[in-house]
Amino acid sequence: MEKTITQRSAWDKVLTKLQKRSLWMLHYCTGCGAVELPPTMTARFDMERFGIMPMVTPRQADILLITGYLSVKTLKRVVLIYEQMQSPKYVVGFGSCTINGGMYWNSYATIKSLDQYIPVEFYLAGCMPRPEAIIEGFTELIDRIGEGKANSWEDYYKNYEFYRKNQEHVFGTIDTRTDIPDDAKYFKIGEVEK
Amino acid sequence: MVSPILFIVVPLAAAFLTVLVNRNAGARILALLTGFALSALAWFWFRADLSTPVSVVIAGIAPPMGIQLSMDRLSAALALLISVSGFLVILYSQSYLKSEEAQSKHYAVLLLLMAASFGILLTRDLFNLFVFYEILCISSYILVASEETKASFEASLKYLLLGSVGSLFMLVAIGLAYRVSGSLAMSDIAQALGEADLSYVMLTAALFVLGMGIEAAIFPVNTWLPDAHSTAPSSISAVLSGFVIELALIVLLRISMTVFSSVNLMLPLRYMALAGILIGELAAFGQTELKRTLAYSSMGQVGLMLFALTLGTEAGRQAGMAHLVMHTGAKSILFLIAGYFIVRTGKRDIKSYSGLGRRMPLTGVFFVIGALSLVGVPPLFGFFTKFKILSAAAVSGATGAWLGIAVILLGTVLEASYLFRVVRTLYSDPETGNTRAVKGRMEMDVPALIAVFGFTLLVIFGSFLLPLIPSGLAL
Amino acid sequence: MNSVIGLVVWIVFYPLIAFTVGVFLGGYGRKFTARVQRRVGPSWIQPFFDVIKLMRKRTNISHGYMHDISLMMLVSGTMLSLYFIPVPGFHYFSQFGDFVVIIYLLLIPSLGMALGVGETANPNGSIGISRALQMLFGYEVPFVLTFIGMAMLNGTTSMYELVQIQQSGGIATWGIVTHPLLGIAALFALQGMMNEKPFEVIIAPHEIATGPMTEMGGKYMGMMFIQHLINLFVELTIYANLFLGGAKNWFELLFKLFVLFTLILSVNSVFGRFRTDDAMRFMWKIPLPLAAIGVVGIMLGIG
Amino acid sequence: MNTFLLLIFPLAGFLIAALFSAFSKKGLVVGKTFAFLGFSAIVLVAIMAKSEIGSIIYGPMMFGWQLQFGLTAISWYFALMISGISWLTVVFSLGALREGGTYPMYYAWLFAKNLGMLGVILSQDILAFFIMWEFMSWTTYFLLQQGTKKARSTAMGYLIYAIIASMILFAGIIFLHQASGSFGFSEIASTVAGFDMRTLILAAVLLLAPMLIESAAYPLHRWMAPAYSSAETGITAFLSAISTRIGLYGVAIFLFTVLGFTAMKKLSAGHYFNLQVVIMTIGAFTMVVPTFTALFQHDAKKLMAWHSVGQGGYMLVGLATATSLGVAGGLFHIFTYLTYVTLILFCIAAVEYRTGTTNLNSLGGLIKKQPIAYVGLLFGIIGLAGIPPMNGFVSKWLIYRSLILGGHPFLALAAFIGTLGTILSVYKLIHNIFLGQLPERYNDVKEVGFFMQLPIWILMLVVLGTGVFPGLILGWVAKIQVSLGVEPLAVTLSGVQASAGQLNMNVVSSVFGATMLVAFIIFLIGGRRRIVGQYNNYAAGHFLDKTVKYNFNYNFYSAYEHIFGKRFLNPPVKRGEEGLVALVERASDFARRIYTGGLNTYLAYSLGAVILMVVILKGAI
């Protein structure tokens, strides 16, 4: 990781500085977390100050915000949507349900820790996290992008077998029409280390 | 110099002979030979120089007592038309008539009819004309009934009654004429009526014209025609619409222009003609039976000829004559083919002929050509005649000429639409049930094909005859 | 020789200028809307950030070559129409093609996008396109009628000459003054032409997932942004040239664009969204009759 | 000599092919080879005939008048288009026709149709014109019959209209001949110049009405779309490309040559209502109404057929303006439309050849399978919509200019509305056939063979080439204008050098190319892109496969159908047509009822007739 940061060219640094000012968010609201987003977007907290806007299709989104628990069924969708997003992409786990199952910790139907299935950039702890927390998290994310540290998405390409195994363990094989390892080769992702 | 009387003698003699022979084969051959002989005769007369009409007097008694026959160019031309189409129809009947029928009778009456028509054409004696006219009518009643179905009997009966009404009118008219002239020769009567009181002449003329008009199928008195022409055997329908009506028409015109020259018959006749065109074509448009359609269309066509002939100009008469010849050809084609459609499918309504055009290709082509010529499509004969009629009407300046042109064009639209509805049916995919009518060969038999082909030649190359067609309606 | 160099410089930098102006206008638009909603709103050059981000995406998916070409048609069509629009100091190309040409050039982007979106094989996209084309019919008709009126009045279809004629007499000869009806009608049409509320049913995010852009991600979305920003400049400039007397210098032009855009934004930010058929009905009930009356007036004035 | 051969070759071809078909039902290869050779010969002759422009050859004597045939500038223009399109159609049919049809007759009627059309455009007097006209109408009828089972009834509909047209023309010719005593164009023109207003209008109507029927001008257009769309697809292309345009040739000839300018000046007197305005209004309706009827069609061929009705309006309006720009636009639009409509219909035929359907609701996604047909269709629709740099743009530009500067704002608006409707419906066409999701059943569809591709390539080249260098065609159009007596257009190779606002397609298209390059560079600046399958698609988290119908093509313009649906699917013209037919049927029923079959009525008729006749005779005195 450190190596990649030092390798960044000045031009790249400049562009990243500009690029980090624009983040589009696809929020996947299963649980009660959705209720925290309206105040975050509207006049009180105004997410758009940081150039963060809600988007409706995964093709355009940079952030996948997952608010609340994921049942086995919904996890399939999440994986599909995540794979349809364009890299670089950042998953934000919102609320304790995504961290450890939260109040559904002993449910047979929900998954406990999201980062077993898709790489998570960071979690927003709490039940619920308040808009201040969300804003805080996003500013943190923006900074990390600026420094080039926010590379969790590359992990999905590098350690695909790990995530795939966990996914299949939950819901068997699914066809998302995307061949991740082949994509990694095609787009030359994660070859810096090799 | 062969005497024109042969035209009457030969078919008469042949008719009696056929009755005597009374065997199908013999009758057939005899009729065929007669037809051929007549055609040859007519050809001779047609070629002969008739700048001055040749007239013969029968049994040496001079007119006014005796019977005078006169042959001018018009008569020669019509004689040729009659004999040739008669010959072709006889040829057609060779295969068309069912073998078990008593064909000798049929041919005898047919020959009789031809003799009568020649007589009407040639005679210059009013009463004699009436006699021949009677013979003509009676023989056609018989022929119409000769299929001996209920419908044909009914049609024949209607024809008979109306025909006799017509002859009654004629008889009265002749009587009236005789009263003033004291002679039966047309020339004398013409002269006498010239001096007579006008309204007297009018009554005479009206009676005569409408009496003859019944046979000539002029509009209000052509009521017998649809039934008769559609129920008669197709060869007979071809004859009736082919030349009998036209013959009556010409004679009617000749007499009304020569004998009744003192009154202007042309105007009312022209309007009758227009009404005839409109009503005839409209009625034909609504028909579902092929032969009935053709019969109604004949009424329209007669109106067309009458319109041209009554324009009162040389060009008009010429155009009318030309159209007459064309109509003989085209209508004979259609009727003869319709006969075979009936023979092959056993049905009369158009919709049961679907797909026949594919199964009888040559016949289909002939039918289309006939229909096209009737509609008047270049380069067929019909186009030339129609064009001549219209241009004659345009330049004639007669009252109602432009109205006539409009009516004729409208009639043409209707005619095309109903004739090509038939053509469409002929070439549509056969529905189940119609094809099983006759297994195997559907094409017409060879004699019929030859006959139809003859008429087709006339329709295609008729335009070259145009200069030969005379137009003089003199005595 | 000098003029040639100047020409080349213009040809190279004109699109960049238009893009920059577009960026600021776009940023201003978002800022304006935010302010109306009592928010702080993004940076003034937020669209610029978006473009950079989108163009720097590592993975992009395409649905086929038409998908790629369509984006090029989109950008190039807009640049093409840009070149034919006269602005202060640069009207070289406007002599080779008149307003009719410009109208048709403006159709190239629509068609290009339509084809590409079609190939993305996403029904949301197709629905969006179907709406877009129907809306196109809605607003183009009154807009073209207003132009026809102006062209008849001034006896030319060349936009440059229109501008010259309007500048001859100061404000008194501006289209909006001489023919207010046409001006107002065109203003309505412009609102639809720029897909601002209440005429933005095409990209109804919560209904058909931004319609045409559904499958557009990464650099595809980036090129659509670039086209959108240039297009802001193009459409506003067309209106300014037609009815606001063009401009003598760039400050005047930018000022006019600014005012015009503010007007449109203020309508945009207080309205809801019309359904497609309602939008078309509106376009045919209000602007079209206005324009028609104006044109009839011109005809009577002439004849 | 070549002019003569131009009539002889099609005639010979017709007779030979007809005889051939009479004797052998099969023999596809022979028929194809013969047709190919024959039409190639016709094309060559047509090209070589250029040297004979202005010479007259005399036909047979008829009604004391010698028929005259010969080439003029405009007729050579049409001769080239006719023979060229026929040749392309035949080349296309080499691949497109499969075993099992009645090919020899198909080709025979194609030859005959050519004879008819060439005869019409070559004829130099109205008698020859009329004869050839009739011949053409009838051959069209028989050609149409070569199509599907439905084709026979629709062809009947065509026949009725055609007969009415030729009957009106018949009346007109009789009338003019009676008035001038001659069939020659010039004599008639000199006579017509002397007519008073009402006679002039009568003559104009009698001459122009049939031409408007043949060119399917609103409201006499209803025969066309059904008849053409139910013919065999190659024939549909051929017919909608050139056949109806013969009517426009007639309009041009009758307006400029037979009636002449003096007459037209007279007819155009009166500021607001005159014949010119009437014709232009007809043209405007023709532009708008059929185009929007096309919008609601669900069959590709029907849609295009309706368009070939609509585009006729542009040509009609252009010709009717009688200005330099307008006439040039009209004449050029005939050419451009011919090129891209043939292209479009060939591509549709290519799709039909593989998938067996032209139903827009059941196709989709074929771009992956038939890219060449797709590109062809794309060129075609860009031309049809009149978007640069295709040639359709130039002709439409000319027409717009003439209308705007000629002071017809609402006609110009109608033209533009027509164009917008065209764009909408052609996008529906290309989207529903080639774009969207590919149904599983078309997975093994392939591109068509060489003979079907060749015409598509050629036409693509022409559509683009004459768009970038419109001068190639416009130069000749200017010559035609001279021969017609219109002030010619100032043409350069690259476009038009008009007084107010010029057009230079070279600049437009080269700038277009340059900007395309820039856009391509921008495209390259972005990161790599990967082409994915159609099932890798956003469906709100749903997993797509062939069991999921994920496509949008049925009822494509729902808002329009919501607003206009009823009006365009049951228009007043249709109701009027049906009413007319009903009227004729009632009249025929009435006529039939006159013949009751009852003897008593018949006797009454006879007696009544006698009385009536006496009365008339009395009255006549």
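Each chain carries a letter (A, B, C and D) given by its place in the written order, and its residues are counted from 1.
Just so we're on the same page, a residue touches a chain if its C-beta (ideal position, glycine included) is under 8 Å from a C-beta of that chain, and two chains touch if they have at least 3 such contacts.
Treat the numbers as computed from the prediction; the structure is a model and nothing was measured.
Undergrad: In terms of C-beta pairs in contact, which of C-D and A-C ranks higher?
TA: C-D
Undergrad: By CA centroids, point me to the most central chain in this structure.
TA: D
Undergrad: For chain A and chain C, let me know how many angstrom lie between their CA-based centres, rounded off.
TA: Here the centre of chain C sits 36 Å away from the centre of chain A.
Undergrad: Indicate the whole-number Å distance between the mean C-alpha point of chain B and the mean C-alpha point of chain C.
TA: Centre separation, chain B to chain C: 79 Å.
Undergrad: If you average the CA atoms of chain A and of chain B, how far apart do the two points sit, in angstrom?
TA: Here the centre of chain B sits 99 Å away from the centre of chain A.
Undergrad: Which residue numbers or ranges of chain D touch two or more of the other chains?
TA: 527-528, 530, 532, 536, 538
Undergrad: Could you pull out the residues of chain A that touch at least 2 other chains?
TA: Residues 57-59, 183, 187 of chain A touch two or more partner chains.
Undergrad: Going by the touch definition at the top, which pairs of chains touch each other?
TA: A-C, A-D, B-D, C-D
Undergrad: Enumerate the contact residues on chain A facing chain C in the complex.
TA: Listed in rising order, the residues are 15, 18-19, 21-23, 42-43, 46, 48-51, 55-60, 62, 85-88, 183, 187, 189.
Undergrad: So in the complex, the part of chain A that touches chain D is made up of which residues?
TA: Chain A residues touching chain D: 57-59, 76-78, 80-81, 84, 174-178, 183, 186-188.
Undergrad: For the complex, which residues does chain B have touching chain D?
TA: 158, 161-162, 165-166, 169, 198-199, 202-203, 205-207, 209-210, 213-214, 220-221, 223-224, 226-227, 263-265, 267-268, 271, 278-280, 282-283, 285-287, 361, 372, 375, 377-379, 383-384, 387-388, 390-391, 393-395, 405-406, 409-410, 412-414, 416-417, 420-421, 424, 427-429
Undergrad: With touch defined as at the start, can you tell me which chain C residues reach chain A in the complex?
TA: Interface residues on chain C, with respect to chain A: 30, 34, 37-43, 46, 48-50, 52-53, 56-61, 205-206, 209-210, 213-218, 221.
Undergrad: Under the stated contact criterion, what part of chain D meets chain B in this complex?
TA: 22, 63, 131, 134-135, 138, 141, 145, 149, 152-153, 155-156, 159-160, 163-164, 167-168, 170-171, 174-175, 177-178, 584-585, 587-592, 594-595, 597, 599, 601-603, 605-606, 608-610, 612-614, 616-618, 620-621
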